[in-house]
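One chain, chain A, links the two complexes that follow: it is found with chain B in the first and with chain C in the second.
After this line comes the complex of A and B, so read on.
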């Protein structure tokens, strides 16, 4: 069997992912995460008298903490698996990627294990985040002058 | 390349399975099962070493032999530099051959052992294989606790070890013949579609075995492939009938047997070098001893995947070895 025929055969048996269902789940879960974030901001400003800009930072820290904690407790991966991009795209996904890698390599030493491997999954997010921020910042500077 | 054997037998086997395998449909028939992924060790890698060491001990106990009666240990696993096998071998005072054919290692080991026994180079040979879900995930895929979405074609690496003791003593199951497979380019680049990677190698080896032994596939009561998973099994069946007009009605895949595919969250089935021998040495051998199967062809399939070359956009090669097992008359 030649290459094209074999690839066609394997494609024929490949199950279709239910994109629409996944998108709806991610939309709802993402929406829930957004609401939760807003709720946290409101709680911080209303009950603790924190200024609004500071409250957003507090909210981010809280979500990162929860993402890390639940990863360590061992059930966040099944939650991410079910809710998909609804939990991966928000800051919780970044925290989850960092924490799971750190957990994985903790027995291999602080420097050679955790330090070297913690950014294994999340490293490219940082790299391309910085690159795109720089690129779009430059475009904005050229067009609008600042 | 096919060999015939006159005087080689698998005398004893030992299977140790993990927690998830214990919860599967074959859970009760494994010799030993584990409660967690550490088995009292500090790391998963050490746990996998323990899987092999313990398997050798239990196998010797079962066969009523001591380590001095054994001439050679052959072992393979999935870790880099087959670390689990090497460390386990360092704990026993035996001549050692470390082998790697990914998930086809089990039959590769059986073929080497059978050839050496047939040639009178060794009397008692132990063949071990192991895999551990967490060590394999860590090495080939994502961190274990990372829950990012995975495609349905993915397989779940089985945890466990399986050992066999081969000799000339007419006891147990007869090794009748074996075919050493050729490495095939699968044309596939997807690391999460190993069934498609390995199906082509399985088909070519089955065809070569049947051709060189002058048999039809119906000669065997069962043809059991390694770890293709449910989609890979369908590809293999289609490939055999389209390309070689072979109708494989007696074909099954061990990846579809270890777990309850629909309810255990294992995607398209099990994988790992231990997958095939876990099923063969327990479920299939039981059926052979009961007389339900007389002649069985075991086809171990291995995706020879390298994480570096895959990232360099190279296609994944695969291999399959076949061994024909028979009930002693």
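After this line comes the complex of A and C, so read on.
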């Protein structure tokens, strides 16, 4: 059997993922996360009487804490499997990547396990974030002067 | 009104990511990295600043805001200390997020057992 025929045959039996349904689910889940963020900012500014920049920092910390805790309790993975990018793209995905790496390598010890592997998945975000922020910041500094 | 805009913007960003994930061979790690770079890129001409002005807190939730905060920390340092200040101020705004993620995941990984 030649290769093209084989690929055509296997394509017929591959489980078809419904991309439109996935996109709508991601839209709704992501929108829910965004609304939750705005709600938390309003709650913090109303109850703790802090400026908006500080409230948004508290909001980010709260979402990171929730992401870490739900990963530990074990049902965040099944949620990610269902909602997909709706939970990976918000900041909870960053927390989930760090927390699952820390949990997975914990049995190898504190230094060689958790310490060395915590940034295994989330490290690329920080590396490329810093490199791109430096490059684009330099461009903007030269054009606008800050 | 801010709630509706937050819902639409964050949902739209997540939907783009889902469409990329479904139609290419990129992993979620690639996509989050691409979105951070896009967030930093949009701030060359302060586009992301304007988005935050209209959308409110919803624009701070996706990972694109991480790139936005990195570049603004670097520019704040550059305005105070000159071109070397970019290196000094890079993490000044994102430090809270990174530090809290490190501390929470360290202590919680000591308490909880991995579930499979």
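Throughout what follows, the second predicted complex is superposed on the first by the 129 of 146 C-alpha atoms of A that agree within 3 Å, B and C clash if a C-alpha of one lies under 4 Å from a C-alpha of the other, contacts with A are read in each partner's own complex, and residues count from 1 in each chain.
The rule is simple: a contact is a pair of C-beta atoms (placed from the backbone, for glycine too) under 8 Å apart; a residue touches a chain by one contact, two chains touch by 3 or more.
In this text, all values refer to a predicted model and were calculated from it rather than measured experimentally.
Colleague: As a test of reading the superposition: which chain, chain B or chain C, is in touch with more residues of chain A?
Modeller: Per-residue touch count on chain A favours C.
Colleague: Is A:10 touching the first partner chain B, the second partner chain C, both, or neither of them?
Modeller: first
Colleague: Is A:86 touching the first partner chain B, the second partner chain C, both, or neither of them?
Modeller: second
Colleague: State whether A:121 touches chain B only (first), chain C only (second), both chains, or neither.
Modeller: So A:121 meets both chain B and chain C here.
Colleague: In the superposed arrangement, does A:103 touch chain B (first), chain C (second), both or neither?
Modeller: Once the two structures are laid over each other on A, A:103 reaches both partners.
Colleague: Is A:1 contacted by the first partner chain B, the second partner chain C, both or neither?
Modeller: The first partner, chain B, only.
Colleague: Is A:74 in contact with chain B, with chain C, with both, or with neither (first, second, both, neither)?
Modeller: In the superposition, A:74 contacts both chain B and chain C.
Colleague: Where does A:138 make contact in the superposed view: on chain B (first), on chain C (second), on both, or on neither?
Modeller: second
Colleague: Both chain B and chain C contact which residues of chain A?
Modeller: Common to the two interfaces on chain A: residues 17, 22, 74, 84-85, 88, 97, 99, 103-104, 121.
Colleague: For a test of understanding, state which residues of chain A touch chain B in their complex under the given definition.
Modeller: Touch residues, chain A against chain B: 1, 3, 6-7, 9-10, 12-15, 17, 22, 71, 74, 76-81, 84-85, 88, 96-97, 99-101, 103-104, 107, 120-121.
Colleague: If we count contacts the way the header does, which residues on chain B are in touch with chain A in the complex?
Modeller: Interface residues on the chain B side: 42-43, 138, 142-153, 186-188, 193, 196, 199-200, 231, 234-235, 238-239, 242-243.
Colleague: Under the stated contact criterion, what part of chain C meets chain A in this complex?
Modeller: Of all residues in chain C, those touching chain A are 2-3, 6-15, 17-19, 21-23, 28-29, 31-33, 35-37, 40-41, 43-44, 56-63, 65-67, 70-71, 73-75, 78-79, 83, 86-87, 90, 96-98, 100-102, 104-106, 108-112, 114-115.
Colleague: Applying the document's contact rule, which stretches of chain A touch chain C when the two form their complex?
Modeller: Contact set of chain A toward chain C: 17, 19, 22-42, 56-57, 59-61, 63-65, 68-69, 72-74, 84-86, 88-91, 93-95, 97-99, 102-104, 106, 114, 118, 121-122, 124-126, 128-130, 132-134, 136-141, 143, 146.
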